[in-house]
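I've put the structures underneath this note.
The same chain A turns up in both complexes below, where it pairs with chain B and then with chain C.
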Partner chain A sequence: MATSTPPALPPLRPAGGAPPARKRRANESVSTWRWTDRIGYVLMWGAGLLVCAIGLSIVVYMMFRGLQYLRPSLIFSHPQAGLDQSKTGGFLDPLLGTILLTVLGITIAVPIAIGAATWIVEYGRPTWLARLVDSGIEIIAGTPDIVIALFGLVLFQQGIFGWMSFTAQGGAVFGRSFLTAGCMMSLIAMPMVFAATREGLQAIPGHVREASYALGKTKAATIRRVLLPSVKANISTGAALGMGRIAGDTAIVVVLLGATLTLDPEGGVPGLKVLKGTGGTLTSFVYNNSPAGEGNAPQKAYAAAFVLLLIVVALNFAVDLIARSGAKTGLETSRLGAK
Partner chain B sequence: MIERDEQQAGMRHASDPRGEILPPPVRRIRVDGPPTVALPPQAEAVIDGDGLSATTMPGAGTMPARPQRGVAGRERMSLKTLSVFYGDNEAVKGVSLSIREGEVLALIGPSGCGKTTLLRTLNRLTELTPSARRAGVIRIDGTDVDDIEVTALRRRVSMVFQQPNPFPMSIFDNVAYALREQGAKRPSKKVLEPYVIEALGRAGLLDEVKDKLDHPALRLSGGQQQRLCIARALAAGPEVLLMDEPCSALDPKSTAVIEDLIVELRSSLAVVIVTHNLQQAYRVGDHVAFMYLGDLVEYGPTEQVFSAPKAERTRDYVRGSFG
Partner chain C sequence: MLERLREPWTDRRAERVLGALACLVLLIIIFMIVFVALRAWPSFRENGLSWFSAKGNADVQMSRMVNSGANPTNADYQFGAWPLIFGTLLTTVFATVLGLVFSLLSAIFIVEFAPEGIRRLIVPVVRLLAAVPSVIYGLIGILVLTPFVGNHLISSGRKKSVEFVIQLSGTSLLVAVVILTIMITPIMIAITVDGLYAIPRAWKEGAVALGVNRWRAMWTVTVRAARPAIMAGAVLATARALGEAIMIAMVSGAKAFSPNPADGLTFIFEPMNTLAANIVQNSESINAPAMQATLYATALLLLVGGFALSLGSWIAKQPLKKYGTRA
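Up next, the complex of A and B:
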């Protein structure tokens, strides 16, 4: 069996492992494996390739369809109601709506998520409260977005939130606006930012904190000057993932933003009136224009969907880039990163 | 200069393959015991924080050209029946010691003997461990450490850790971090620069990094990172420097550099070093404290502890019978 050539010593292998390779000192060969391992091996390759194929086919198909129908004029013209498809305009408003809602949602989510994650890792006392915070985040992460949307609608129709959306003559609060939708969207993104931040903080070894304390620094200074800067890459990754989730969400847009065709400002204060008003996003535009929606203009749906896909893919690439640059300058490659 | 010669002797020793065995007890002749060292009175005045103080010591040229250990100055810290408990486990049992300026105190002993705990108690870092309790008195310059605001105490009693742990920021910011935020206002980079340069100089790192102060500190080599940590600790202007096995994660060459540094630093500071490496304790220590299972078994001048230990345990340990 172990008739190994020149290098006289057969390679050491753990007892019970595969027998030593014969002839060439090549990599181990599948032919020496058990049948179950071989099947598993093939299945793993298959699964990997399948995922690639699915991802690629979505992008390629959407690109094909999207580029077929996408015209610059679509991006730069406002949508209009009309019976003739050539006169219904483009999707400038939904595009702006997506950007606005994403920025709004992430702006609300990031500080809360960082605060919660920092508290739970650096303080986390009393333990029962930490556990409660943890489950709170898990519940938020696990709640379907349509449920979050409904909850948000009920919440923001209360009188005290009247300033956030349109209030009718009788005092009834409409509850639908960029502000209210942004608040609920932040719940979609928050768990991702929270998890990323917490993971980053937990990966910082204790002796780094102690090094800061040993220089006579307070805990607050340590968190602000050492710990949070160290997890910048994690926070960015979480934020980019969260933005992708917000950009892709439909339920909250339909329920809380009104899913209107155009941005409909409300009130007279510049800036705030857009936030107080209703609008739509690319997702609601795609839904409305798909064969399932009332617009039924699939070409425009494809074009808008392609733009949406581009945004989300771009965000994912951003995640990758951030993670990689973090690995270059951050803790991951240093001895600090070794837990 | 004298210090340097001695250090080179130490380095030779470190590279000696037979270095595994104990250093020969027949070492250079030295005057034992801090109080008996007759020293030019200027030695006290040398403590000016100058990075070169060790080599440009006014007294140095006039001193006889024989191996000279640290010059014990006044007592900076004193421990009286210090005990530390983790829960019910007594990690340090009634230790009394004194830490003097101008000398290196080496804490040796087998793993788990409480030497690191003792070290961390000195700047109240053990208080970060929720289960830790402390009994006994630690004084710095006569003041109970409990009466000093903890951040102020830690600036006076700074610490270097086993793992090089620079912060993920630039080299400059790492050192400047110790200086910033001590006042109400954040000082500007320009104001901080001379202090940063000085600290890097004292840590012997300046020549290697002076052109890349804005580079990330984590790109430095392990030995450089550790010296950066020392620079960072020095920037806070400490009176006592605690070192917890500062060389255990480093290669022999970096170790030699850092030992050299420790020997130089002691002219302006009191240094307490925890080490597993008996050779190192022998090379850098002026006094050695041997701990075993939380007890301070032996405390005395390095020479004496290594060549003529009083306690049986110490003798066994320094001869390598256990630990």
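Up next, the complex of A and C:
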């Protein structure tokens, strides 16, 4: 540890030389401590209270600004380009974009994450490959989202992925669409779903599996009928966390979705044309409307940021709810076992 | 037999399909390195090792790249990334060190000393801080902190002292570091708290029974034993700080300027830029070939940095296995 080295243990006598009074618990009183300990104690209280203060002030400030500027009409009207803030519309399109992108990303992420987690816990042979996959997912989790975005851009500009986005006359692939952004967003969410699923599977006692085998089920059937249903809560927790990450990510939206103001469908096939088109999300809307972007409409940025914060908090709340109901599921699992 | 055929998946097939999904992850990583490196190559080829050095004004070089058109010449590729690398190092190191002290103290508070009421408040607050999207931090930074720093903390004398080198407007290293610290601290707190809880309580109680006070017991026994977890948390937070793009792009001033420590306290008020933030700011002109190579080169550097940190966190976690705890 490079931080302050802990002071050496004091000699074996009561701290501060206070007489060891039996009735009073001397150790509980800070006034008998050495001054180094007292400084640490005070700093610790300060740090704890500062964390509370910062968190609460951010929430209160965003709420204040959000409620000040948020109007229902903002949510239900399309954004328009314009110089006058009163004529630039609301953020219906970015809101839809956030929802679409989140659903798309998590839909791609969940099967891959569950598959990888199940394989690692239930099969995991050869061991070196399992270990490699495990650290691979950790590496993906540690990769900056902007790098993932640039990787997505080069990947989906290859000719074979031309169907996923706009293709120009000469055959150049644009590489930016909801589909491509969704695929890369799934990389952001996947590690969380993976970790939650793996944790759940590892927590299931071995005799549950053995009981299933004893009843004549194959390993595949055990996974599908016994193991995966009992880690449902874990998977949902991971998915909710992953959705929060996707909804809050900006870099991939800016690079891979085009971060346009409205949803711009591409091609003629209904449904697919929105997915093939570019668009924007709440995060890119906030970024573009902040002084750092082109729009520079702080009031709309505050309103959109407030909605975004509500979405993220709601997802976190969902994690809590699932975890609470997951406790019940966990109990059932153990009842399946020994208890 | 008939029943086994009716089973949707045989074991073999299940193992192969699931294994293929798992290996897809490795394939993605390999693709990521190869593709990013291929696109980054022209920039490294034209610059050699001087890519990492401070040569000329990086902002001027980048605007030349944007204007260089479809067939850039050797001169258009010239780029010295040092100001960006220096900015990244400054923000990451400052934020991690500040965050480490701050998160360690808060974690001790949460685990050991906080009264029940405050603990019930602080735990959701930490989780909320970890969940807030970076763009919201950036918005608060650029609309609240930056004007405050620009108007109240930087005196006009200080602005004048460096006015021929750089304009001080409030978008600064200071704001970037402060917000980055707030962003990464919750991650560190979460991992440190887990690490502290994982240390057997009896160890600390033993120390208390020998007569040291609660703080000293916590600090010398539990915190020491939890050092691997604390390190792992710090490394993870460093990775987050390294890759933070949007927030820094909003508050740092978007100038490829190396803050000069020789300026004294003015140093922390000088604008700067980081590798990741630079990519976001220039993402619209990524179709110019020279710009593209340069941006992918910075991305490759971030990718390598991320790998190194993943390796670092793996190494940091190794001693944890001694206690049989999972991090």
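Basically, the second predicted complex is superposed on the first by the 279 of 339 C-alpha atoms of A that agree within 3 Å, B and C clash if a C-alpha of one lies under 4 Å from a C-alpha of the other, contacts with A are read in each partner's own complex, and residues count from 1 in each chain.
Assume a contact is a pair of C-beta atoms (placed from the backbone, for glycine too) under 8 Å apart; a residue touches a chain by one contact, two chains touch by 3 or more.
Remember, it's a predicted structure, so these values are computed and weren't measured experimentally.
Visitor: Between chain B (first) and chain C (second), which does A:Y41 come into contact with in this model arrangement: first, second, both, or neither?
Guide: second
Visitor: According to the stated criteria, A:P205 is in contact with first (chain B), second (chain C), both, or neither; which is it?
Guide: So A:P205 only meets chain B here.
Visitor: A:S290 contacts which: chain B (first), chain C (second), both, neither?
Guide: The answer is second: A:S290 touches chain C but not chain B.
Visitor: Classify the contacts of A:S230 with the two partner chains as first (chain B alone), second (chain C alone), both, or neither.
Guide: So A:S230 only meets chain B here.
Visitor: Please name the chain, chain B or chain C, that touches the greater number of residues in chain A.
Guide: Of the two chains, more chain A residues are contacted by C.
Visitor: Scan A:V154 for contacts with chain B and chain C and give back first, second, both or neither.
Guide: The answer is second: A:V154 touches chain C but not chain B.
Visitor: Check whether A:A221 is in contact with chain B, with chain C, with both or with neither, and answer first, second, both or neither.
Guide: So A:A221 meets both chain B and chain C here.
Visitor: Per the definitions at the top, what is the overlap between the chain A residues touching chain B and those touching chain C?
Guide: Correct list for chain A: 218, 221.
Visitor: For the complex, which residues does chain A have touching chain C?
Guide: That would be residues 1, 3, 6-7, 9-10, 12-15, 27-28, 32-34, 37, 40-41, 43-52, 54-56, 58-59, 61-62, 111-112, 115-116, 118-120, 122-123, 129-130, 132-133, 135-140, 142-148, 150-151, 153-155, 187, 190, 218-221, 223-224, 244, 247-251, 254-255, 283, 286-287, 290-292, 298, 301-302, 305, 308-309, 312-313, 315-316 of chain A.
Visitor: In their shared complex, at which residues does chain C touch chain A?
Guide: 4, 7-11, 13-15, 17-19, 21-26, 28-29, 31-32, 35-36, 38-39, 97, 100-102, 104-106, 108-110, 113-114, 118, 121-122, 125-129, 131-136, 138-140, 142-144, 182, 185, 189, 208, 210-216, 219-220, 223-224, 227, 230-231, 236, 239, 242-246, 249-250, 254, 276, 279-280, 283, 286, 295-296, 299, 302-303, 306-307, 309-310, 313-314
Visitor: Spell out the part of chain A that touches chain B in their complex, as residue ranges.
Guide: Listed in rising order, the residues are 205, 207-208, 210-218, 221, 225-226, 229-230, 329-331, 333-336.
Visitor: Provide the residue numbers of chain B that touch chain A in the complex, in ascending order.
Guide: 123, 125, 128, 151-155, 158-159, 161-169, 177-178, 180-182, 216, 218, 222, 225, 229, 232-233, 236, 242, 249
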